[in-house]
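Going by the order they are written in, the chains are A, B and C; count residues from 1 in each one.
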Amino acid sequence: MRLINFAHGEFVTVSAYALIVPTADVTAKLFIGGWSWPLLILAILAFGMAIALLSNLLVFRRLRNAAPQNLMVVSFALGYIIQNLLMMVYGARPKAIGLWSSLTQATELGGIRIPLLQPVTIGVTLLLLLAILFFMRKTSFGIQMRAAAEDFRMARYLGVRADFVIALSFALSGLLAGVVALLYVVQTGLLAPTMGVNIVTFAFIATVIGGMGSLPGAVLGGLLVGIATSLLQAYLPDSIRAFRDAFVFLFVILLLLVRPSGIIRLKQFEERV
Amino acid sequence: MQAQGQVSTSIVSNGRGPIWGQVQTPMVLVIMLGLIALISSYFGGSAQTVTEMMIRVVLVVGLYVFVGNSGILSFGHISFMSIGAYAFVWLSCCTLPMLKPMNLRGLPEFLQHIALPSPIGLLGAAVLAGAVAIVVGAILMRLSGTAASIATFAFLAGQYAFYMNWSGVTGGTALLANLPVFVGPAVGTGLAALAILIAWLHQESRFGFMLRAARDDQTAAKGSGVNVWFVRTVAFSLSGLIVGVGGAMHAGFLGIVTVDAFYLPLTFLTLAMLIVGGSRSLSGAVIGVVALTAVTEILRQFESGIPVGNSVLSLPAGLQEVGLGLAIILVMMFRPAGIMGGHELTFGSIWPKR
Amino acid sequence: MSEDHILRVTDLRIAYGRVQVLHGVSFDVPAGALVAIVGPNGAGKSSTLSAIAGGVAAAGDVRFDGRPILGLKPEAIARSGLSFVPEGRHVFASLSVEENLRIGTFMRGDRPRAERDLQLVLNYFPKLKERIRQAGGKLSGGEQQMLVIGRALMTQPKLMLIDEPSLGLAPRIVEEVYAILHRLRSQEGVSILVNEQSSRRVMNFVDEIIVLRDGRVQLKGRPSDLAKSHALHDAYFGTGTFDRDSGEAVH
């Protein structure tokens, strides 16, 4: 909904912390994380959705007509609040957590040894992409969301319920935050109150260079950032390899200079004079 | 289109009235800050809080020079703070001469063994931050709107990643201590006043005027011969310079510096102060700092415990941050244009004659 | 309240900030009629339609089908059977023609009915049929105008508000659009209220003309009555003697 949601990272963090018992102890005791896996996945996804919907209900819904920069500041403030509440409850120190550690063990796949988690991550991502694509193209909710994303006012004149569409997009983003939380925790085995921020910085950059408001753009942007990062990691001379991330961001600025509206430009942005 | 309401207020409030009407604003703001400093020291308030507030005034006023007048949100200004702070370190560190060659092995030879007086370090911070801002501004100001905002964000992230890993020169993740401490309430207030004066001079100059014209209607401004890129770059450079001074003040106040301090939380805090105060007037920038500092201070008192009768009422740690976030959201809900709403303070507005 | 009026607007007032753009406008749209509001630029025509559709805050009273609708959300008004086609067409450029049309049916959830409506609309606008899979943004101006009218029709409105349907279209296409509107009115029984800058284009098609200038209704009447006198011209330009741009009004 044209909202750059800086609190999204905190949606991820909160979903991840829901795995453990809320205490400030250094060692993490599994809470939802101890449930059987189908239940666990459902619970975390539901949790991500709930937190996203709740922030819509309490905050964003009341700021429907606010200027984009105000919304950005508000989402930043919301993220800040969530992050600090988490620290109050769980303590500021990172915690180790072993969730499905069998997934991180290396297995033989087509002659190469890789952690099982990697194909699982790729599979889950592809599956999700297909699911989102189907949802956006083939269901009436998806079509309404695309229409509203393009011209919110006009969509309302055609009977599309504003509150509903916005709630739906928050729910969807919360659900995806839950997925990211699970994948990330399994991979790193760590929980930290600031974990979401780093993930989202990259995601944000990827979306922007791909073309905001475009799903293929976001995918393309994500791939590009990933590829650029690993290429730089492999080919930068040793002496400046430490500056890899700095180069990635430089690359982002260059890309923006060439294509300010992202790689995949949307029709409605082009047609306006 | 959607900015029309704000356009009219900015024209009213920044109207080219008689010169007296305009000079009042920096005077009112400086007198206000001076009074806060005096009253707080008279009542035994913490000099630290006052100094910290003055540094933030410099930062937010610096941010205002660009963001307020151009209407482009910048996430990148804390980078200039970082650049200024480390320029100060390179020139004026340290109180113990042997520390510098030890901690900053990558520094050029001629910088390794000097510890210039703090004012020169401050000047160096201004020069370096300003110079980087000219280059960065000249490149980024080819973009406008959201793309420009995002590019400033990428600049911040890139500069942060760069300084974090430039260990020989910045100490990387390590904390650098033993910097000369020269910023207290008096120096802080003085520099804050200077920042306000510079911002005001820019705002009233033709550069400021043309920049606001481009903010309100870019096409019309271009049509009237305004070089939008140039006036934006001028504002960006000046504002980077002021924020760089703020960085040196930060280092020269705490006596320590880490790269980590200059990233998203501070970016958020300064932007929030600007927008809560009202990003469209100089008074808004200053009032935003004062208001949010007051909120934080009150919550901090509660956190450390307030005696109520015989017992001590104390609220859990972390409340300060949560309360600050809530305050920001509430202001945005009920006063979307910020506390000042685009207006400037004058003597008349404090002491209404009518 | 007589029910032969589908829309009753009483003392409608709109202000943007301190600028009052509508100073108490009143008019009715009879059920099954095609009515045009004409007036020069800045007369308040677009604001009037937006306010009726819930897009702009306004004071006064608007009754649609006997029910007060002022202050309702745009989607609620749309769902009660009033469909608004705002100025500038607003085709969803990245959605296909079919998706554009289907948006209007989602609020009902009656699939077989939606299919029938789609066929009906495609019969009215055969050009859209050829381009059903194309992105809406790829259509020509005339086709986009047909698409948005068709899209509004898909909501099964009792009343359609159309803001400047002839804007930016070639005269031949304008004729075509109005011929279709005329048919919609007589065959489907849809009441229609349009805005136009020029009365010339609508004279032959509409049942009633309302002249709006400076935020006030200057004149109302049947085109045949108005055409005979100078009244229309005078009302439009706000003068009885000023005669320079007479090409805009019809004598």
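Here are a few things to note about the model shown:
Convention: a contact is a pair of C-beta atoms (placed from the backbone, for glycine too) under 8 Å apart; a residue touches a chain by one contact, two chains touch by 3 or more.
Since we're looking at a predicted model, the values are computed, not measured.
Chain centroids computed from C-alpha atoms place A closest to the centre of all protein C-alpha atoms shown. The interface carrying the most C-beta pairs in contact is the one between chains A-B. Measuring from the averaged C-alpha position of chain A to that of chain B gives a distance of 30 Å.
Centres computed as Cα averages put chain B at a distance of 51 Å from chain C. Here the CA centre of chain A is 43 Å from the CA centre of chain C.
The touching residues of chain C, counted against chain A in their complex, run 53, 55, 73-75, 78-79, 83-86, 90, 92-95, 99-100, 102-104, 106-107, 135, 137, 151-152, 155. Those residues of chain B lying in contact with chain A across their complex are 2, 73, 139-140, 142-144, 146-147, 150-151, 153-155, 157-159, 161-162, 165-167, 264-265, 268, 271-272, 275, 279, 316-319, 321-322, 324-326, 328-329, 332-333, 336. Chain contact summary for the complex, chain A toward chain C: residues 140, 143-144, 146-147, 150-151, 153-162, 266-268, 271. The residues of chain A lying in touch with chain B in their complex are 59, 62-63, 66-70, 72-74, 76-78, 80-81, 84-85, 87-88, 197, 201, 204-205, 208, 212, 242-250, 252-253, 256-257, 260-261.
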